[in-house]
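In the two complexes below, chain A is the common chain; its partner is chain B in one and chain C in the other.
The block that comes next holds the complex of A and B.
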């Protein structure tokens, strides 16, 4: 007679005793969850022992379970080492899940609207426990995923694994690479900071260049939701990021995985005869079963990779968050994300349509059709000299174009603006102005000048050099012009100049100004006789202001390059009295005692 | 391939590496957990600091031309923000508290018929009164530009029911549409939502910058006296007694030639001009006090004669004509080195011919 009106666990307890009934109950639950393996089977598997019962319970999860039906039940021993897969395919898959999980966490705290998106970021950083941690992981994971998927593609190319019968697997892989890059790129805009806005503006403006103009204009309108990126554009990028692109990615991941199951993992090129594909015919002695060997290996890789990411975001990497997006202010040195630098570099070669649209399209189409063009049978390195050479040339071009994409290459900015930017810039791209991280206490209120480093004329005596400069400025037009520039254009309330030596204990200020003194002498043709003033004032308690002004003799400039006379000297611009004209340019920053500008790790 | 064999071929090694990795992750997450509250607080402090920096920059470009680069306001133009009154600091608070306590005690002593104590308290009260008077006397220059020692708290006087942060923010966001009636230029609405140019985060930045002027209990009389202009309280026109017939204003569109004809009929008084120029009503000295903002008062007449009249566009002008035009039609000419459009353009409808003549007479006393 059953204890309850139906058979239940209590009957088991009554019959077998509590301990045995509980153990058997647990065993049963485990067997159902694993679709076939009970506690004893798992224990044996993890100990590396052979299965003690037949049929082999380790094959059942592959046959009956959902998750493992898309994984082969055994692998060929020759693909289980580090070479040839480097576990890149598995890691790519892992990153899809990793990014989805961290992304869902961030979605809870995020609203895709320009009104609040940036404030959401601040909230995530300042008010959500683990907010910064998860954001850093998501960002770093995104960058790592692009890299890993790309390396996975390279590996597949070098081992010739794209060849028959795996052409379509390669095809779907290229689509996954594009999805990955676009996922990363569409996520770029979401924080709604300056970095985001301008990187995406560059990307979207390339789409605008698509020929003919009617297509480009409308594609641009579709993507940005208006002529400029605003509320509509942000919402569209958000939907692409969390819905559209992931949907494509998941579908193609499914297809890609299915193809891997159908064709098996391709063996190292040397492991089989030319033209043969023996991946699906694994001899008994070469079989390595998924449970436990591959499974433990994959979990280990997850552990190691996650640990590396966690270590990096704990001490070495923080996702950037720049100033609030501002359509009116274009930061100097805007770049696309690093994986699109090659397109930005190509764009510098000239035509926007050719290099921004046609060229990347050709690259993508070429990647997609590689297996259909290269129909040679051999996968061995020695037989693929041409294909490998082409690959190395293309890789070199990729690196070269990416280098050209850096703001340092080929973008002409006047030397004075460049130097001011280098001195004062807000943190961006892991970089900030030289004077910015100077400790607050060392920003001594006073007027300093690079003339302190040019004292040869005065026998090396700094005091005399500065006195001379002070009295010269007090009497000359330059002094009055400089004062008027500072007070009217830059709103700095000072009424006279009194340059003093940099205090001996302000060593970092000294170092900063000596860098400035060095930099302004690096452009003798463009900025001859340049000197600079660094004026530190304190407008409020806990707030200092640092003005940097560069003064130089104006020279003739054509198309951004100084005109030189026959002796190679710059040609000075003279006023109606035949005197040289002095040019002034300056900029300033405010530094609060609590701002904590630290140099980036390794900078 | 020793590594390969070590890590990839032996299951126990794989399990060990994996387990150690997961444990290390747990330890690191725990480490982050322990530090998370401190990190969030530090981020908030750091972010506020950077917000103040950005606010300082925006203040310089958007607010300083009226409220002063140092935030001390401009006479007759806009009130100070670096201002004890805005932050509600009462210099007399301590004395008043003592007076209140003593007064209560005095009432009790009087009720008890304790005349000795009453006399003592009266002495103390007299002493406090003289301290208070001395303090108020020190504030005289602030009183001259609109400070009322009896009403030291701007928010209390306004009956503002919220925080100072909200007062500053909402004033910037919405402006003061009616302030044209008591300032030469109204406070504009700065928020993009209200047709201005600033985003909410930028308004927040400026607010943080302005609030950073607060010195808590450390405000000094010097801070108070450094203020160039305090807030003006608009007066209900119905309560203002109407005087006799007032002279008509010069007029906004009156040409300089017609103005000169009008001026010929009056005689300027430099002393009255001095009061007008340096007083609150026109507030000329609010800007023309520092060469940083506008051409300074000192040497005005010398510069007019020696520099301005030599400009080709002033051929045939007299010095008086130049000054009259500069006051009533400031857009006609901007002295090199200064921004055009800063000087209010409505003096034409705010001054009478007599007042204009008085101010010109005063300006002629500057040098030469």
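The block that comes next holds the complex of A and C.
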């Protein structure tokens, strides 16, 4: 008779005793959770023994369970090594989940509004426990994902795996590449820093160039949410970043992986006869079962990849954050992220419709249709010399265009502006002005000069050299011009010059100014006889101001390049008395006592 | 109905068997499905258009910009560095005895070019377009010279001069200027790489 009015665990206990009933209960629960494998089956799998009962319980989770029905129950041994897959497709999937997870964490502390987004970033980076860690992981993961997805595409091309019957798999892969790049790009705007604002301004302006004008104008308005990027634009990019593009990405990830499973992982080109596709017919002796080998290997790869990312963000990589977005200043050296440098390079070539719209479209369409153009049967390298050569030419072009995207190509400004920028720039691209990370207490109030490093004519005596400069400035027109430049143009209220040697204990200030002293001598044709002053003042308690002024002899400049005479010397510009004219350029920064500028790791 | 389906199946089988393709005329049911499908496509299209309309930002023409009164003493001396007014996104430039107000946004992709004193030209930090003091295109990918805002200059003798309709600069010579009014609500596009004829 049953203990309760229905059959229950208690009946089992009564019949078999507590221990045995409990063990059988656990066994049953395990079998239900794993959809087919009981404790004994799992232990056999982990011990590397064959399954002791039939039908093979290790196939059951693939047949009946939700999660493993998406995974094949066995792989071909020739695709389980590093070659031919290099694990790149698997890694791409890893990053899809990794980015989703870290992204959701970041959403907890982020509001997409220009009023607070940047403050959110500062909060995440300095106040939230593990905030900077999660942000660094998300950013590093994003860049790694772009790289991995691209390498995955290259690998697929080189092993000819896009060929029949896998054309459409390749097609969806290209869509995933585009999604990945757009996800990375749309994430750019969210911190609302200078990089964000200008990268996205350029991106939206490219879309604005789409012909015909009515399309371009309206696409641009749709994306920016107004004539200029503001609150609406930020919200739209946020929605694209966290909802729309991930949705497309997830759908196509599903399609892509389904196709991979349907056709089987393509074998190494040499492993099968030309024109054959035997991926789905895996001989018994070549089968590597998912449970336990592939499963445990994948768990290990999750561990290893995550470890690598954690090590990188702990010691070698921090996600950059630039100054707060300012729509009145485009920073010098505004550069696209490295994976878009090729477009930035192309854009420098001319017409924005051609290079900003038509050219990328051709690239994408070309990638999409590769498997439908190249219908040759053989996947062997030796039979694909033409296709491989085209690929290498295109890769070279990619590198070349990317180089053209760097500021070094066509965007260099005059040497004085470049040097001032190098000295004082706000953090950008994991890089900041040389003088910025000098500790507050080493920014000694006083007037310093690079003349300290040019003391040969004074027998190496710094004191004499600076005294000479001070008295020269006190008497000459240059001194007066310089003072009026500082007080009127730069609003620096000083009335006289008194350059002193850099204090011996301010070593970082010394190093910074010696870099400046070196840099200004690197342009003898453009900035002859250059010297520089670094003036540290303290406008209020806890705040210091650092002025850098460069003075040099004016030379004739044509189209941004100094004019040289027949001996290769610069041509000086002379005033009516036949004297050389001194040019002055300067810039300044404020450093707060609590500023936390520090060089990025690895910079 | 069953007989039609059976016939269609037969037709399909026959198609496989012999090279000649036989297609049965659409039945009423099939035809109505096509009509229904087409109306679904149209509905989706309308929904798409409605979404675009929904998402398009609404603002009135002229919401942005306005009349800036520019202090005449800030007009740079002839052929010297132009004056930047970031709040209005414009540069006041005085070249060859003429005055023009340049819209400070690069005609290429929307970055803000800086004036380089050393190189005496505007240089865009993004893709390297360069412009003369007058805003005239020098080199780089920009499609046009820097665009201009219309400006009305009032002289000490009470006469005024204004930017021409196509954006030609205002000749001021050495006459004393008492007021400068800039309309940043109306941008005048430059004709390609050149400049409009002078007024």
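Just a few scattered comments:
Simple rule for what comes next: the second predicted complex is superposed on the first by the 578 of 603 C-alpha atoms of A that agree within 3 Å, B and C clash if a C-alpha of one lies under 4 Å from a C-alpha of the other, contacts with A are read in each partner's own complex, and residues count from 1 in each chain.
We adopt the following convention: contacts are C-beta pairs under 8 Å (C-beta built on N, C-alpha and C of every residue); 3 or more make two chains touch, one makes a residue touch a chain.
The structure presented is a predicted model; accordingly, all values stated were derived computationally and were not measured.
Chain B and chain C, once both complexes are superposed via chain A, fit side by side.
In the superposed pair of complexes, A:14 makes contact with neither chain B nor chain C. Once chain A of one complex is fitted onto chain A of the other, the partner contacts of A:287 are absent, as it touches neither chain B nor chain C. Residue contacts after overlaying the shared chain place A:429 against neither chain B nor chain C. In the superposed pair of complexes, A:488 makes contact with chain B only, with no contact to chain C.
In the overlay built on the shared chain, the residue A:383 is in contact with neither chain B nor chain C. Using the contact criterion defined above for the overlaid structures, shared-chain residue A:155 touches neither chain B nor chain C, since it reaches no partner. Of the two partner chains placed around the shared chain by superposition, chain B is the only one that A:324 touches, whereas chain C remains out of contact. When the two structures are aligned on the shared chain, A:580 is found in touch with neither chain B nor chain C.
Note on the composite model: angle chain B-chain A-chain C, taken at the C-alpha centres, equals 70°, rounded to the nearest 10.
Here the smallest spacing between CA atoms of chain B and those of chain C, following superposition, is 7 Å. The part of chain B that touches chain A in the complex is made up of residues 1, 3-4, 7-12, 14-15, 17-22, 24-25, 28-29, 31-33, 36-37, 39-40, 42-50, 52-54, 56-57, 60-61, 64, 69-70, 82, 199-202, 209, 212-213, 215, 290-293, 337-339. Against chain A, in their complex, chain C makes its touches with residues 52, 55-57, 59, 64, 86-87, 89, 108-114, 116-121, 123-128, 130, 138-141, 143.
For chain A in complex with chain B, the residues that touch the partner chain are 46-48, 80-82, 115, 118-119, 122, 125-127, 129-133, 292-293, 296-297, 299-300, 302-304, 306-307, 310-311, 314, 323-324, 326, 484, 487-488, 490-493, 495, 539-543, 545, 589-596. Taken in their complex, chain A has these residues touching chain C: 198, 201-202, 204-206, 209, 218, 221-222, 224-228, 232, 328-334, 344, 347-352, 355-356, 407, 409-411, 413-417, 526, 557, 559-560, 583, 585.
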